[in-house]
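This is the structure I have questions about; it appears just below.
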C-alpha cells in the first residue's frame, strides 16, 4: 500500500535561490502530518508545490500514486486535495456561507440552462448545499456568521471559515498553512480540538505551524525543514530529542 | 431560513418593474420615449458587461465591439439578405459568442492592465473592420436597418399598436418592449449570479487562488462569463440597430466601449441595479449638460472625475451604504 | 523598391520615436503608482496646441515651447494632486475611469480655449526635405529623433545619477520601504507625473509640425503610447522605447504595403500576438504569485 502523498527529491528555485532543496517524505492516509521549521525554511513553498500552485524545479510529488506534475490546483482538488493559506484567501465579495458553499463547487452539477431559468432541480441542490455549508460552519465554530459579509468578520472567524470551505470539498487530505497564526490561547485550543475532530473523521491533515505545543500534541509525524532542506523527520518523540532540531530552534 | 439573495433579488426585480412601467406617466413626447428605449437597451448591455467586470473582476475596454458586431450582423442579414429579425439576432448572438470564446480563451489569461489592453485591441480591430468594409457595412456613412419583425409582427417606431385596448404609438410600443427585454436581462443575470456558476464567477474576483484550490477551473469560468457578456452585447446591439433604423460604426467604437464600462463603474460594479442607474445617469447627463453648450465636455469630464474620486464604489452602493448607516444610527438612537 | 522601404522606415521611426516618448510617460507613472494614465495623450495635445497658440500671439518659438512644456508639467502635478492622490484606495478600473474623466476634462478645456480646428505648426528648421537613396526625409523627423534620443539619455541619467530619480525608482519598488528611509513618496509621485507630462508635451511639440495638431489628437496618440508600453512590457523603460519604435515601424510598413485603412488594425493585432506569446510584453518582469 503506497502512501497518500509521496514526495521525492523535491526542488524549487527562485532565480538561483533554493527555497526547497532535495526534500523527500511520505504521508500515510489518516495521519496528521506537520511541517515545522524556522521562518524562511521553505514550509509555505512546500505547500504551494504540493497543492500545485508552484511547479517544482526538480523532483516528484505523487498523490495516491499519481504524479501531480501536470495537474493544476483545481485538478488536484478533483482528486481530493484542499488547502488553506497563511495569508487567508477569502472571497471578500461574498457572504460567509457563500464562501463555504464555494467549497462544494465540485459536488454541484451546474448547467447553464437550469441556472438561467432557475429550475427546481437547481434550487433543491442549492438548498442542500446551503444546509451542508451551515453544518460545516457550525462544526468549525463560526455558525453564528451564516449570512454575514465576509468582509465584516473578525480575523479568527475568517481563519475558521477558510477551514470550513476546505472541508466543504470533502477532501481526502487537507493542507492547513499556519492555522494558528494570529490566534490567542483560547482560539488555539479550540483549533487543536477542531483539527483532532477533522482527523477523527478520517481526513488526512497536513499542517504547517509555528506553535510547537499545538504541533507536538496532535501530530502523528513531523517534518523539520531548515534552509529548504530536511533537518529531521519522525514521530514527535524523536523530533523533540533530535539534537539538530534543538540546535536549530535554540539557535545553538 | 430565507436566502439573503432571494430576498433582495425579488425586491430588486419588482422595484425595477414598477419604475419601468410607471415611467410612461412622465414621458410626454416621442423624444422622451426614444431616449428611454435607448436607455433600456444600453442598460441591458451593461447588465451583461457587469457580469464580467463587476462580478468576475475582468476588465473589458472593447465591449462595444461585440455590441457593434451584433448590430451589424442584424442589420446586414435583415437588410441585405432578407432574413427575418429573430433568426438574425440569434445566429448573430451565437457567432459573437463563438468569436468571444476564441479571442477570450488566450486574452483572459492576462491580468490587470494587459487584459484591458487586449480587450481594447479586440474592440478596435472590430471597429476598424466595420469602418473599412464599405461594401458590406456602408463604411463610415453607416447603413439603414429594417424595423424589427417578430415572426411576421412588425415593431416600428412609426407604427401604431393597441395593447389591452390601449392605443400605443410606435415609440411607446418599442419602449414597453425594451423595458420587458431589460427585465428579462436582469432576471437572467440575477439567476446566474445566485447559483453555483455565479459563486464560481465571483470567486474569480474575490480570490482566484482560493477558487482554484476548491476545484474551480477559473480559466473556463472566465471564458464563460466573457462569452455570456458578449452575447448580451450582441443581442442588444441587434435590437438597437432595429430600433434606430440606422447604424454607424460609432456603435462599435472605442468611445462607446468606454461609455459602457464607465456606466458599470459609475453605477457600482457588482450591483445589477447600480449599473442600470449608471446607464441612466450617463445617458441623461449629456441631455442635461447640453444647456451648457461649450462647457458640456468640460462639465462631463469634471463630473465623471469627481464622482469616481468621491464615490469610488459607484453611485448606488454609496447611496445604499449612506442610507443603511443612517438607519442604524436611528435604530441605535431609539434603543 | 528599396527607396520605398526606406521611406516607410523613416516614417515609422519618426512616429515610433513619438510613441516611445508617450510610452515612457506611461511607464514612469505606472512604475511610480501602478496607474495607467489614460490622460497621457492630453499632455501631447497641450504641448502642441499651447506652442502654436503662443506663437500666434507673437511669442518666439523657443520661449513658446518652454512655456507650453511648463504648462503641461503643471497640469501633470495638478492631475496627480487632485485626481489620483485622493483616490489611492480605488480599484484599478475606477482609476482608469478617473484618468479618462480627466482626459475628457482637459480636452474640453482645450476645445474651449483653442476651438475645434486643426492648427499648423512650422518646422523647427528648414522646410527643405532631405533626400536619401531616393527616399524623402522631413527635416523635422531629425528633430524628433534627436530630441527623443536626448530625452531618453536624460531620463537614464536622471534615474541613475540624481537623488530625485533614485527616489522615484525606490518608491516604485517598495513604497513602504521608501517611506521608512525618509523619501516623501507623495512628492515623488507628483514628480513622476510631472516628468511624465514633460515627456509627453515635448513629444507633442516636436511631432506637431509633422502631424498638425488639434484639441483631440491626444486620444489616439495616447492609446498608441499605451500599446507601445504594453508591447514592451509595462514598467520597463527599455521596453517602452523598443515597443514604441517597433509599433511605429510596423504601422508604417502596414500602411505602405498592406493598406493605410488597416494600419491601426495591424498595430492592435500586433499587441495581441505579443501578449499571446509573452503575457507580460517583451521586457516585462516575471512575477511569482505569492500566497
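For reference, chains read A, B and C in written order, and residue numbers begin at 1 within each chain.
In the analysis below, a contact is a pair of C-beta atoms (placed from the backbone, for glycine too) under 8 Å apart; a residue touches a chain by one contact, two chains touch by 3 or more.
Since we're looking at a predicted model, the values are computed, not measured.
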Which of A-B and B-C has more C-beta contact pairs: B-C
Per-chain CA centroid nearest to the all-protein CA mean: B
Chain whose mean Cα position lies farthest from chain C: A
Cα-centroid distance, chain A relative to chain C, in whole angstrom: 47
Centroid spacing, where centroids are CA-atom means, of chain B and chain C in whole angstrom: 33
Cα-centroid distance, chain A relative to chain B, in whole angstrom: 41
Touching two or more other chains - residue numbers and ranges from chain A: 53, 85, 89
In chain C, residues with contacts to at least two other chains: 289, 291
Junction residues of chain B, two or more chains touched: 209
For the chain B and chain C complex, residues of the former touching the latter: 53, 59, 61, 103, 106-107, 109-114, 116-118, 120-122, 124-125, 128-129, 131-132, 209, 254, 258, 261-262, 264-266, 269, 294-306, 308-310, 312
Chain B contact footprint on chain C (complex, rising order): 30, 36, 83, 86-87, 89-94, 96-98, 100-109, 111-112, 223, 226-227, 230, 234, 259, 261-262, 264-265, 268-269, 271-272, 275-276, 279-281, 289, 291
Complex contacts: residues of chain A adjacent to chain B: 51, 53, 72-74, 76-78, 82-83, 85, 89-95, 98, 101-103, 105-106, 108, 110, 112, 115-118, 122, 125-126, 129-130, 147, 165-166, 168-169
Complex contacts: residues of chain B adjacent to chain A: 1, 3-4, 188, 191-192, 195-200, 202-203, 205-207, 209-218, 224, 270
